[in-house]
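Before any comments, here is the structure.
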Amino acid sequence: MKNRLLALAAGFAFTMLAASAGAADKVKIGFVSTLSGPSAALGVDIRDAFTLAVKLNGGKLGGLSAEILIGDDQFKPDVGRQLAEKFVKLDKVDFLTGYVFSNIMLASIPVAFENKVIYVSPNAAPSPLAGKQCNPYFFAVAWPNDAYHEAAGQYATQKGYKSTYLIAPNYQAGKDSLGGFKRFYKGKIADEVYTQLGQLDYAAELAQVRAAKPEALYIFLPGGMGINFIKQFVASGLSKDVQLITPGFGSDQDVIRPVGDAMLGLFDTSHWALDFDNPANKKFVAEFEKEYKRLPSVFAAQGYDTALLIDSAVREVKGKLDDKEAVRRALKAAKFASVRGNFKFNRNQYPIQNYVLRVVGRDAQGRLVNKTIATVFKDHGDAYVQDCAMK
Amino acid sequence: MPDLLEIRSLAKHFGGVVATDEVSLEVRAGEVHALIGPNGAGKTTLVAQISGSLAPDAGSIIFDGRDVTRLAQHQRVRAGLARSYQITSIFRRSSVIENLALAVQARSGSSLGFWQPVASESGLVDEARLIAAEIGLSDRADIAGGELAHGEQRALEMGLALATRPRLLLLDEPMAGMGPEESQRIIGLIERVRRSVSVVLVEHDMDAVFRLADRISVLVNGRVIATGVPDEIRANEEVRRAYLGDEALSA
Amino acid sequence: MSWILILEQSLNGLQFGLMLFLLAAGLTLVFGIMDMINLAHGSLYMLGAFFAATLVQATGSFALGVLLAIPATALAGMLLEVAVLRTLYARDHLSQVLATFALILIANEVVRIVWGSDLQMTMPAALSGPVQLLPGMPYPAYRLLIIGVGLAVAALLYVLVAKTRIGMLVRAGASNREMALAMGVNIQRLFTLVFGVGAALCAVAGAMLGPLFAVQVGMGESILILAFVVIVIGGIGSIRGALVGAVLVGMVDTIGRAFLPHLFGLFLPPQFASAAGPAIASVLVYLLMAVVLFVRPQGLFPARG
Amino acid sequence: MNARAAALIAALAAAVAFPLAMQAADQLFFVGFASRVLIWAIAASSLNLVLGYGGMISFGHAAFVGTGAYVSGILIAGGVTSAWIGWPAAILASAVLALAIGAASLRTRGAYFIMITLAFAQMMYYLMNSMKAYGGDEGLSLTSRAALGFGLDLGNEVTFYYVVLAALCALLYATHRLAHARFGRVIAAIRENETRAEAIGFPVYRYKLICFVIAGAAGGLAGALLASHGKYVSPSLLHWTQSGTLMIMVILGGVGRLWGGALGAVLLLALEHLIAEHPIPWLLAIAPNYPQHANLGVGIVMLVIVLYAPQGLAGLVSRKRHA
């Protein structure tokens, strides 16, 4: 009994010593994302692009040497939260970032807020945090959760689809997505179905779709869910009768790779595409492909931008990271060349930017890629900003 | 003498096998009623149904004028119907006194005590000591049940049943696996006990049966083929033919 | 609600149920014969899927890959039996539960080290489209294949258990372990064999479901509990019970998820129906189990008297 | 006896001094971490009550912990922050659930009992997963911890730690009393020889059920504390593998021993933390990713304990089921 206690006490003492050793002149980033399981490709792309940006920057962010602590939330909110707890309280990071999925992020970032650590979101941007619960420590780098879906709704209306069937996972981002679609879609909603988050077999849902006979089918199924759904959608023979529409990430490189030719001709909406013609994007796409031997997805673009944004802010405040207000102002100024082209932060710290329509086709080398066709929205913000009390 | 236990047309099947076939018998107050029969005759099955660990398919069991057929085993124990097992079933890690005190506890008030240490209840232990003396284990009181000699374990087995203060004791082969000397000890114990308690005795040791029993019922293939005083059973042709023959001759 | 929809959902339920049967069959035999609770059964399912995904890729042929994965998993199962599980037969259930739970942890990490946390497995291109079953009712060819394979394996298992000498021993063992032990002949080898067959069935399920689900670490953990539900419903040790239980669970689960929310919508206020529908549907099979337990505590087809 | 008392006092003193030392060293993270460990110690101790003392191999204990967490979490989310309402409600809800699950599953035994407790617990997992009103699989984030009153702020890590420590001590003392009281003797007897316990007149089913319910209720308390600790509740708390982890804690610490659950929780969680945070350099050189595979070690240790050191599993329910 005594010995065991002694051993434990020694263990804790050891832990303490190890933890209290920290340097001052560097920037510490806590990066938590979904890095394993069927939806891992998303988090991996964000991580790879983020670390690529740091690498291209000589291992620095804003002139300070960058230490990036990486954690895998395993697609589990409680694991994500525990990692946030550790990074914020034990490792005392300067910024937290990385989460792909809204639910995991929502469970985790209160830890950051309470400890006045800024969370820079490379992907998830749920509607509550845009409106009533907007938070000075939250920056959405990518796009408001509704935006792609609003663009998709707009597109479906323009195409004149009379009825559309909607499927999304049963969680905040799922609700946001279908809400966004409906906001701009003028046709009839055939049905609106919420599935289990992480569900992989869609036989039952596909049978319902067939029975409902809609003209179009809009799905918000990120990661492995979308990959499985599209495969099973093609296998069911529905692709002949029903036009599938997805948000940009729903038919990006991470889905194209496993699904293959079945993706050809699929329309989607996005704030970024491989073929965006600006220097930052050209450099990013080339370097990413060189480093990882694959084409970047929209998630990679978001991760890259996130690193660039932090870089710009750290440089702006000249490394004085303890002045949180100054860091915030610097982040909000967004003085960097984004791979998406021009964008700016709204007062709720969500982006105002353009959204485009893309189609899956072949590039010069015969690879399946998304090609930009048209602009759907220009300088588009979000519908919740008026509820945000922040200035 | 009035009947303490009355069994009416009891029946039990296991799949297609008839284990208890329309058994009816009475046990009078104060008597030792032996239940004999060849292996597989259904004696243990019958005891299990009387004690309540096995539900009969049909028939009824009346104990002391009350229908106990639907009562659970523990309720029958509280009504005064206790049993011992053919294969010793005691609390092997507890001492003799702890074994017996537990049985005393079972009948003395509620056991939903969550706070007061049971060790502070001297009444339980005192009574357990009395029973230990009764079964001849006073000098082994603090030995764990599992460490007792076989004969002592059999005595404790009976003691556990006795500690519930039964009015009818069901003894399932109390002398199983015993040498002659140890058997004498159990026979002596039954002799003492019978003064206050009625006994149903299942036993293969015919000497013991004929020495102890007031009446005997013979069970063959799940059926009672004869009931009577020892001399009647000894003289019964059917019993001799079906079962007793060899052993009676060899005895 | 059209008949075609109901028919299609029933086929989906049958497909799921048959795969559950493959898992439950091995599990129930191990229970019945060895009185052993094996939580690591789901790990064999995972292993089978990983083997299949790897071998399909390596050989370039779906059929060949799957066919090779089956003996590979069976071998792994038998190795496990000889190395670890054999010593557990005589132990109490707590030891069995703990040891096999430990095996789950070990299997998960070993797979993670060898393969990573997940693999992609693609269905054969020829079967990736639909088949016209009835006019107006196309059905995915691959799911039909699963149903076919499930039925074939069930039939094979029936012949094996009902018509062969080994099957006779297995049945005897499941209904009366002491008798099986008394027969004495190579009982140890019989156990190993049964375990291998159980593992092979896991591999079939894992390999067939691989392209539909994801081949990933932990994939066996949720489905294992459903296999338990199947066994409790069907009765421990009974292959027939496992089949009936599995199809019942598969049907109830699929049909419940598909129609319960709509059914609730017919006679409940919509906001309540949309909340209660999915909630009840998700626990429907467990409620079924509770009902069966209440009515027939030994399951629908108890192997022991 | 004296050595034991000394060890007890030393352990208590260390537990009381720990947060003050950490506070002095500006390492509040470890106070929060220790609170979590102690809460799991409560959960494991409650499982020990049914597993070790009662001899029932309940594989669904996470359901009671999770239910307690949800009930207290839902109340806090709904504005009822008082711990004096939330925690008793959590305990009561878990007790009621334990009553229902126990009443159904205790009619069976052996492998059946294990499977049925497992299945019913998993049912709760899926139920909470689909309860959109309470967060569904997203879980429920809370804005604050429960409020205790009396000027005690549970939002303060050190205060919270002491409350958890007090709860653990209270539970262990109550367990100690219970084990030596009439009820404890009866469940010990049932664990040792169920048939005989019934045959001397104990209503075995009822006592087992009561034991099951008490353990469930104590699990509910752990859940309520957990909800406040993390300010977050999710269905993964109810997943069956969580029950397995609790079981591992109890086995590591000692089945049926008063300190078993607590010791096992401390051991397992501290070990997990050390492996993940402080890799051993030479081992890292051989296997660079080994901290990510800590469960491999846990699994192997468990397997070895079960296979080769069964006597280490003290108080084990050693009887094998007979038909």
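Order as written gives the chain letters A, B, C and D; numbering starts at 1 within each chain.
Simple rule for what comes next: a contact is a pair of C-beta atoms (placed from the backbone, for glycine too) under 8 Å apart; a residue touches a chain by one contact, two chains touch by 3 or more.
None of the values given here were measured: they were computed from a predicted structure.
The set of chains in contact with chain B as well as chain D is empty. At the centre of the protein atoms shown, by the Cα-centroid criterion, sits D.
Taking the mean of C-alpha positions as each chain's centre, the chain lying farthest from the centre of chain B is A.
Separation between the centroids of chain A and chain B, computed from CA atoms only, is 75 Å. If you average the Cα atoms of chain A and of chain D, the two centres end up 36 Å apart. Chain geometry summary: the mean Cα position of chain B and that of chain C are 48 Å apart. Each of residues 278 in chain C touches at least two other chains.
Residue positions 170, 194 of chain A are each in touch with at least two other chains.
Shown for chain B are the residues that touch two or more other chains, of which there are none.
A list of each chain pair in contact follows: A-C, A-D, B-D, C-D.
By the touch criterion stated above, chain A contacts chain C in their complex at residues 36-38, 40, 170, 194, 200-201, 203-204, 207-208, 210-211, 224, 228, 231-232, 234-237, 258, 262. Interface residues of chain C, counted against chain A in their complex, comprise 1-2, 4-5, 8-9, 12, 15-16, 116-118, 120, 122-123, 127-130, 138-143, 211-214, 216-217, 254, 257-258, 278.
The residues of chain B lying in touch with chain D in their complex are 51, 53, 72-75, 77-78, 82-83, 85, 89-94, 102-103, 105-107, 110-119, 121, 160-161, 163-164.
For chain D in complex with chain B, the touching residues are 174, 177-178, 180-186, 189, 192-193, 195-196, 198-204, 207, 210. Those residues of chain D that touch chain C in the shared complex are 51, 57, 59, 104, 107-108, 110-112, 114-116, 118-120, 122-123, 126-127, 129-133, 240-241, 244, 247-248, 251, 255, 289, 292-293, 295-296, 298-303, 306-307, 310, 313, 316-321, 323.
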